[in-house]
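You will see chain A twice below: alongside chain B first, and alongside chain C after that.
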Partner chain A sequence: MAGVAVSTTINGDSVEYLCQPDETLLDVLRDRLGLTGAKEGCGTGDCGACSIILDDRLVCSCLVLGAEAEGRRVETIEGMAHGDKLHPLQQKFLEHAALQCGICTPGFLIAAKDLLAKNPDPTEEEIRFGLAGNLCRCTGYDKIVRAVQDAATVMKGA
Partner chain B sequence: MNFDPRFSGRKFTSVGTRPIRPDGVDKVTGRARYGADFNMAGQLVGRVLRSPHAHAKIRKIDTSKAEKLPGVKAVITAADLPDLTDGDAAMYDILDNCMARTKALYDGHAVAAVAAVDARTARQALKLIVVDYEVLPHVTDVDEAMNHHAPLINDAIFTEGLEEKPVKPSNVTKRSQFGHGDVHQGFGHADFIVERSFKTEQTHQGYIEPHACVASVSSDGTADLWVCTQGHFVYRQHCAQLLGMEASKLRVTSSEIGGGFGGKTHVWAEPVALALSRKAGRPVKLVMTRDEVFRASGPTSATSIDIKIGARKDGTITAAEATLRYSCGPYAGSWAEIGAMTAFACYKLDNVKTVGYEVLVNRPKTAAYRAPSAPMAAFAVESAVDELAKEIGMDPVEFRIRNAAQEGTRSSYGPVYGPIGIGPTLEAAKSHPHMKAPLGPNQGRGMACGFWFNFGGQTCTDLNIGMDGSVSLAVGTVDVGGSRASLSLVAAEELGIAYEHVKAIVADTSSLGYNDMTDGSRGTFSSSMATISAARNAIKILRERAAQMWDIAVDDVVWEKGHAVAKGEKHGNLGKLSLKEIAAASGKTGGPIAGHSELVADGAGVSFATHICDIEVDPETGSTRVIRYTVVQDAGKAVHPTYVEGQYQGGAAQGIGWALNEEYIYGKDGRLQNPGFLDYRIPVCSDLPMIDTQILEIPNPNHPYGVRGVGETSIVPPLAAIANAVSNAAGVRMTHIPMSPPRILAAIEAERGG
Partner chain C sequence: MRYIRPLSIEDAVGQLAGSAGTAAILAGGSDLLVRMKGGFVEPDLIVDIKAIAGLSEIRETADGFSIGAAVPCAVLGESAALKKAWPGVVEAAKLIGSKQVQGRCTIVGNLCNASPAADSVPALVAAGARASIVGPGGKRTIPVGSVPTGPGKTSLAKGEIIEAILLDKRAPRSGDAYLRFIPRTEMDIAVVSAGVNLTLDEHGVIKAARVALGAAAPTVLLVEEAAEALIGRTLDEAALERLAKVCFGACRPIDDKRGTIEFRRKVAGVLARRAATTAYARAGGK
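Then we have the complex of A and B:
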């Protein structure tokens, strides 16, 4: 099958790649571009571990085709920190121990970043519903919610 | 070297603090490498063909068309994994589970596998493999499988543990029994007796990371395996045995693990990936899909349990009896046996009897799931205990306190308890503010207790001191939830240096001696014991080096707060030598300084928890909401309290999912109908409240710091605590887990006489 040539922007960098028409953006990121921060937990859009931001919209990259990234802006976990300075959400996830195994963490961080961009001062309930598309099996979500609350406070003050 | 593991009651400097974990930054930046994040040059993609039938004889497999497809480099069937198990029945079962030999025993059972240049070619190749099945009658329900007319899954199985060897084969592989006293007599002394039957459905550990590995077999017979596992040494042993290799020729590296909970203690795909790599002569990456994880890895048992408990008017239990039937999948297991051991472990009983039956069904082979087998037994027992308290007219907490096991109690499964935490967790629950929180309409409060043994086992640790005085700690227990942080704290504590100067890693199988896997809540318990022992061995050398530097007798040197100190007036002018100074001089005093430890960590202290929860039930729909949840558990000593809380909260959340939602649903055709996270719904963030935790510390006398395992007990009480809360809210006793809305509604309507 002939490959599709795609020009896109990933974490602010111009990127070009060839992919198959039926290949997901998640597979492109992981297998062609070496960006393995997004994880495949289900491949059906149920777990959120592959969350990325596509043109300011939170999506499961397993439900997007690689070819669909043409001309768009992709943000992944690899672009979240600025150099060696962690994003406040990353820092608060560490401080609150909001991760155990950590496989869901990139997806949660991306989803939380999207949530706080749209609602900088969320209630606990808004956080819980805002992150309901991401599965975590280790933490019971308690420390994740607290980390997001704390990060929101820090980011408001920034 | 002699190592004294007894609890010493020392004051802690590092242990009990809450630093950031050493693997943290990699995990929040996407840099941490999990099973599927590793690649090798020239790597092929492996895929597995699975049986669509619950039970079928494999007449013939034709792989010729698949082999001819361009891009396909290897196709294997059971013929490529010859039986080298040499009469070891358990290993044979593992082999047969990895690749069906004569019969497919469940929907999803592997029957063939391919390795191809890319995923699409591999998928196409699977479609070209022709399997000629003779479909056989199947059975998936644990009670039906015990019926004499049920289809036989393995006609070579004759029930073990009966007084006389049965003449006919059956689906019951084993009967086991525990207890003491005379239950018949005990029930005779009871004023009240509760007798009930319960069922629980099969659930999956639900780790978010599917099984993944990269296998690379060289033509010289050596091999590397990168894999997400809870026990890379055990995987090495099993894979080497199944493939006919020497263990030392197979190096297994454990990746970061994206959740396991017991489910990554068994090999499934790994021997297949190695066999594919051996045949293709190239590395092979094999990653399960979520569908495969549900259908073909190891969920927990479905159960059917009968309970009978009797008590006097004053609230003393006079006798307790349980019959427990646990599904094992199509291979023998000991799941009911564990359930029978744990069922009444919380209580002081003069007369107790538990009987377990291991039952074969056409479902995937049961694997451990966090305190395996205990939650179901606790659900049945703690539901009956609640009901009995109600009949007597006692508060359920008071009733449990009255009957709680204590130090010196002979447990229902045999051993006599040392200092234990069941009484203290109950007292803490009784006085917890949660107990006084107001309940709204349609809300009910429930509580329950839970027990887990905790394991120890074979453990090996290396502690190497660098020339700059920093410390590398190499452990062999996979870090499933922050143990590298805990073990670094322990090394820092023992050496008397700062946490920041210790870096812990999980070593591969070629770099460290054998370690049992991270299961049974043993990771921090046993590896901390080995770390303490290794650190003490290093301190002995540090003292010797200091003595050499000072030219005094080693017996005059003691180790205090990270320094060698010369004791006695005659050495009054010697000052102190820091670990860093001794390390810097090591090249001239005898070379590198290290401490090693190889031990069997005995004496894992048993663990108890009490949970309280409030549930709201919508009487019109049967839907539920968790309003409040509190966990009280004994940790022995919480090395890193934040991660201990995390274990408590995580276990509670998994228990909540099990209690209210999660179940394997099989169709009449014996096929799993919900092999995905959409239809097998685990709790999401908006389903849960904050989960309050209270850590009790009743030191384990058999660990230098008093540590007990903490990982598993937290999943034992939730099923029962929630069932008691739902029963109180709905006004009807719930006996079938999960308490999904249709089951609750049916129970409410039946109670109304509808």
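Then we have the complex of A and C:
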């Protein structure tokens, strides 16, 4: 298989890579670029652990080919904090202990960031529906929902 | 395996028609990548159609709407004009998958995946939607219901691409609705589903109706007799009862882990009733 040359933007940086035509963007991020924040849970778009934002759309990076990122903007969990300063969602996830094993956390944070960008003042139901594409097998979701509600309050005040 | 991203539909058609091995069209990839990962398909050529001009747009024309093959379902939900004209089509498209999947999946993909349980397909069939197809022999337009021919199978020939789904301009006093049964609140495959599209006269009498059932047969069912049960009447209890009875009788479902034949037939009637009630209200009927 011939490699595909891709130029894209990841977390604001121009990035170039070569990938195989059948290689997912998730595999490119993790195995070629060392961005291991996005996790592979199911690999079939069911669990949301590999969530990223592609041109302002929340997507599962396991359902995107690496080749498709050509000329597009990719945002991953690695771009969420500014240096040592955590994003309010990250801070509130810590404060509310909204994680246990942590595998689902990057996906939840990215999905919650996308949710609040489009709906800064969501109801609890909107949060639960908005995050339904992310599965957590530890927390039971309540702490995650409370962390997102709290972060929304902080972000509205900012 | 080769990955290409043609800029024109003619180039895409030419590449597909000229490919020696198996070729796959990539729009949202929410079915294709899962099948590749599972080892069910290993295409020699992947044709990404998202860079083709116009395919990522919803266009409102004098005749109605043209929804490009690469438009993600999330975008359908963001189109106020489409939602106002065809709320049933939009609510069906919005039921497919999670937020993450919505950002990628397309109604043309849903149609060409040819699952009997596809959510957007009964709504499109009820809406009388057409598929605009480009192929090596030129262009043709066919009813959406003529695309799937069985589970996983379509009537498309080698090299053909559905470039858009066409929806008519709305007649006054029209409404559509789609409902499915799933055992959860969301993100599941329809056990059975119903799409209803109605147009009323100025007295609230139904003058045109289309009723389609999903997951009730190997392909989507357009139930003509169900439409006949509604036409010429207001949506009174007798009409609703007749509708449910006809839908019960029209189903040819299977028994599987999601539901039994008896359950599917009964629920098809219930959903048709409820979808008709919503469509009637949306059309301004009281």
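We take it that the second predicted complex is superposed on the first by the 158 of 158 C-alpha atoms of A that agree within 3 Å, B and C clash if a C-alpha of one lies under 4 Å from a C-alpha of the other, contacts with A are read in each partner's own complex, and residues count from 1 in each chain.
In the analysis below, contacts are C-beta pairs under 8 Å (C-beta built on N, C-alpha and C of every residue); 3 or more make two chains touch, one makes a residue touch a chain.
Remember, it's a predicted structure, so these values are computed and weren't measured experimentally.
When both complexes are overlaid on chain A, the residue A:44 reaches chain B and chain C alike.
By the document's definition of touching, of the two partners only chain B reaches A:80; chain C does not. Within the superposed three-chain arrangement, the count of touched residues of chain A is higher for B, of the candidates chain B and chain C.
Using the contact criterion defined above for the overlaid structures, shared-chain residue A:58 touches chain C, although it does not reach chain B.
Of the two partner chains, both chain B and chain C are touched by A:129.
Under the contact criterion defined above, the residues of chain A that touch both chain B in one complex and chain C in the other are 1, 20, 22, 43-44, 129, 132-134. Interface of chain A with chain B (complex): residues 1, 20, 22, 27, 30, 35-44, 46-47, 49, 76-78, 80-81, 86, 90, 93-97, 99-106, 109, 124-125, 127-129, 131-145.
Put simply, chain B touches chain A in their complex at residues 18, 20-21, 23-25, 27-34, 36-37, 119-120, 205-210, 256-261, 287, 289-290, 480-482, 642-643, 645-646, 649-650, 652-654, 676-678, 682-688, 690-691. Chain A contributes residues 1-2, 4, 20-22, 24, 43-45, 48, 51, 54, 57-60, 62-65, 67-68, 70, 111, 114-115, 129-130, 132-134 to its touches with chain C in the complex. Taken in their complex, chain C has these residues touching chain A: 1-3, 5, 26, 28-30, 33-34, 36-38, 46, 48, 50, 72, 74, 97-101, 103-104, 186-187.
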